[in-house]
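In the two complexes that follow, chain A is the common piece, with chain B as its partner first and chain C second.
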Partner chain A sequence: MTGKLYEMTANLGGFVTGIFAAALSLFSIAMRTFRGVFRFRGRAQGEVLKQMYLIGNRSLIFVTVTLGALGMVLVFQVCLQINKITGDQSQVGPEFIKGMIHAFVPILTAMMLATRVGAGIAAETGSMVVTEQIDALRMTGVDPVDFILVPRFIASVVMTFVLGVYAMVIVIVAGAFMAHSSFGVNYNVFFVFDKVTGGDLFIGSLKLIVHGGAIPIVAGYCGLTTGRGSEGVGNATTRAVINSSLAVIIIDFIISGVGLLTVQKI
Partner chain B sequence: MITLKNVSCKMSGKQILDGITATFNKGEIWGIIGPPGCGKSMLMKLICGLYPVTDGDLYIESENIAGMSEVRLVPVRRKIGMLFQNNALFDFMNVWENVAFPLSRMNSGLSPEEIRLKAFERLKAVGLGGSEEKMPSELSGGMRKRVGVARAIITEPPVIIYDEPTAGLDPVTTSKIYDLLNEIQSRSQSVVLTISSDIIGLRSFVKNILFINEGKILYCGPEQEIDHCTDPVVYQFLRGLDEGPL
Partner chain C sequence: MSIIFKDVHRYFGSKKVLTGVNMSVQPGEKLFVIGTSGVGKSVTIKHIIGLLKPTSGEVSVDGVRVDKVSEKELFTIRRKVAMVFQASALFDSLSLLENVMLPIRKHLKLKDAEVRKKAMALLDEVGMLKHAGLYPSEIGDGMRKRVAIARALSLDPAYVLFDEPTTGLDPVSARRVDSLISQLATERNAGCIIVSHDLVSIFSTATKIAMVYKGIIYKEGPIEDFHSSTDPVIRQFLSGSSSGPMETPGF
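== the complex of A and B ==
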């Protein structure tokens, strides 16, 4: 009985210290990345541009198709419901645009990039761990976080923002098209931006930037802590997708809450 | 040069190395042998400070690297050239950039052009002239090994570690690699630690042998005298017998 209790306590202790160690290691990677960004000064610019191109290339069609489709479905459903109640479609456009900018597009774009970019970074760094390339880098006095993660971090922050803005355009245009073609809403009535406040723009941009930074850090952490063998790389990739999506959801929730209490008017 | 005092290493609850005590002096060539999974590679990585020593002291020259921080390890690691068991060539760089990389990361006082020329010269020395611009993925296993050797020695470090320099190579290439390692060693007078499962080839190259089994030292001494070692594991391993404790 005592033996079993002891074993359970020991397991629980191991679990808690494991979580604590993981959090500490994630925090250390984040700090080293930030420090690397401040010391960056144009070194390895080519690498950043290459990563930006890869992120854009991997995600452009994906973002266009998914967000275009989502924009149309959302507007269709809203218009359908309104038709059943009042039939006044004049507010659909302005409210839709506002909601997209501060809430929907940042989280959806970031979730999509978490799967594409996060998986890519984890697979890349993970296979560098199992082929001992990370050890070889450390032997030459290079911090793998500085060398591998910092360029990807900068590229991801910039490209998440750019793709987010692009996604807003796609979603709004697709929504307008649907409202016009299915419910006869005039484009002039749909494209009204007065509901969008400075607070909305600020929160939308802030979310895109923070998500864009969280994805490579979480994915890089998963990659750098890869277990041994190709099985380890597979696990790291899966963990990266799950954990970076989860990180995006939690961060989004916090920023939304703080935003609504401070800069935004509902 | 390198002194290990009672060095142990435990990872995820498993004792990988246990009470290793040994000294490797300047100019000595050591062979590290033992059954698969006995901890040979791990011992080399401890010497490089890539994994933490859990117990004991490990001196490189006069510095104890046990528990040293990553930042303070940087100058220590520059004294060591390492050929990894998987070669560990950077797959995002071409062959000559791989070889030049350690040198370009040091304050060697050389210009980028001089570093490039030196990398080309080293590649020629390992018989890879003409492959400088290829990517590692375009090379055969034996060619990659030789790129790894060229990268390990480019900075002419006082400590050179070769983890399986001849694994998967034919006898002719093996003997060429050993000739090359000999030539490098006689020029630089560095400490050389070589892991190999090709016992015969290795014994023609090294002067001393360290035998490890299950994380413990079974033999540590001159190459000629290991034949007289009475330990049953060593006896069986050296002669490749079916009967025995292994």
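== the complex of A and C ==
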């Protein structure tokens, strides 16, 4: 009985220590990434642009199709319900646009990038761990965070913002098209931006930037802590998708809360 | 001026890999670390550059305790001691030239043209200059190994570690890597530590051999001592016989 209790206590202690160590390691990677943004020596030439292409251009179709479809479905459902109650569709467009800008588009864009970009970063970094390229970097005195994560961090912050803005256009246009074609809502009635405040724009932009930064840091942490062999890389990739999605949700929740209490109007 | 191991122990959880390693290497020496697979040869050499820390014991490079310094301070040692990894570990996203340029650009205060010139000279030294623009995925194992050697030499190290440099290479490429190692030791007076199972390499290149067995340096000495040894474990390893007293992990 005492032995079992001892084992349980030891396991619990190990679990808590493990979480604490992981949090410290993640914090260290984040700090090194932030510092690395301002350090140019040793950074591979053109790497940031290459990553911007991979993160941005390669996600365009994915974002267009997913958010376009989502915009249409959302507007369709809202119009359908309103038709059952009052039939007045005049507020659908303005409220939809406001909601998309400060809430839905930032989190949806970031979630999509967390799966596509996060998995890619973790798989690439994990493979570098397994093939000793990370050790080789340490041998040459180059911080793996500087070499791998910093270009991806910069590219991800910029391209998540750009893709987010693009996604807002797509989702609003797709929504307007659905409202007009299925429920006869006039485009002039739908495209009313009066309800969008500076606070909405600020919170939407802030979310896109912070989510864009969180994805490569969390995914990079998962990649750099890869276990042995191809199984380790697979696990790291799965962890990257789950953890970066979770990070996006938590960060989104916090920013939304702070935004509603400060700069936004409900 | 030497690399010294003093009673180095290294455990991974409950697994005791090294249980008291003692050995030394001088500049210009070519020490081959031999032993069966999984016995701890690569683990041993990774202690020299701080990629692994000993559980107990001392590892020093030219009088500096590697096991005591921080990751940042380790770079002074890593400039002195370069390593050629088993799978070459070239950076996939960079061309061969950029692979060699990376440490030079990072650590030597040279203009870009000078960095390029030095990297190209190193690639020329290993016979890879005409392939400088290619990427690691576009070349064979032997060529990758040569580029890895060029990269290892980029900061003019005093010692170079090789982790199974001829494994997976055809005999011709393997002998070319051997002659590069010999050239390094004679022309640059670099101390070379080579982890290998390749008996042809060992007997054509080594000036000294250290055999790792059961977690310790079972025997260390000049090549002649191994040739003339009557120890059944050494005889079995050198003859490659499956029957004998030698214990091999996993068998």
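We take it that the second predicted complex is superposed on the first by the 260 of 266 C-alpha atoms of A that agree within 3 Å, B and C clash if a C-alpha of one lies under 4 Å from a C-alpha of the other, contacts with A are read in each partner's own complex, and residues count from 1 in each chain.
As a convention for this text, a residue touches a chain if its C-beta (ideal position, glycine included) is under 8 Å from a C-beta of that chain, and two chains touch if they have at least 3 such contacts.
None of these values were measured; they are calculated from a predicted model.
With chain A as the common reference, the superposed partners chain B and chain C clash. In the superposed model, A:57 lies in contact with neither chain B nor chain C. Comparing chain C and chain B on the residues of chain A they touch gives the larger count to C. Contacts of A:131 after superposition: both chain B and chain C are touched. In the superposed model, A:139 makes contact with both chain B and chain C.
Of the two partner chains placed by the overlay, neither chain B nor chain C lies in contact with A:188. Shared contact residues of chain A, touching chain B in one structure and chain C in the other: 131-133, 135-142. The touching residues of chain A, when paired with chain B in their complex, are 131-133, 135-143.
The residues of chain A lying in touch with chain C in their complex are 41-42, 44, 47, 128, 131-133, 135-142, 147.
If you check the complex, the residues on chain C that touch chain A are 49, 51, 71, 75, 78-79, 82-83, 85-87, 89-94, 98, 102-103, 105-107, 151, 154-155. Chain B meets chain A in the complex at residues 45, 48, 50, 70, 74-75, 77-78, 80, 82, 84-91, 101-102, 105-106.
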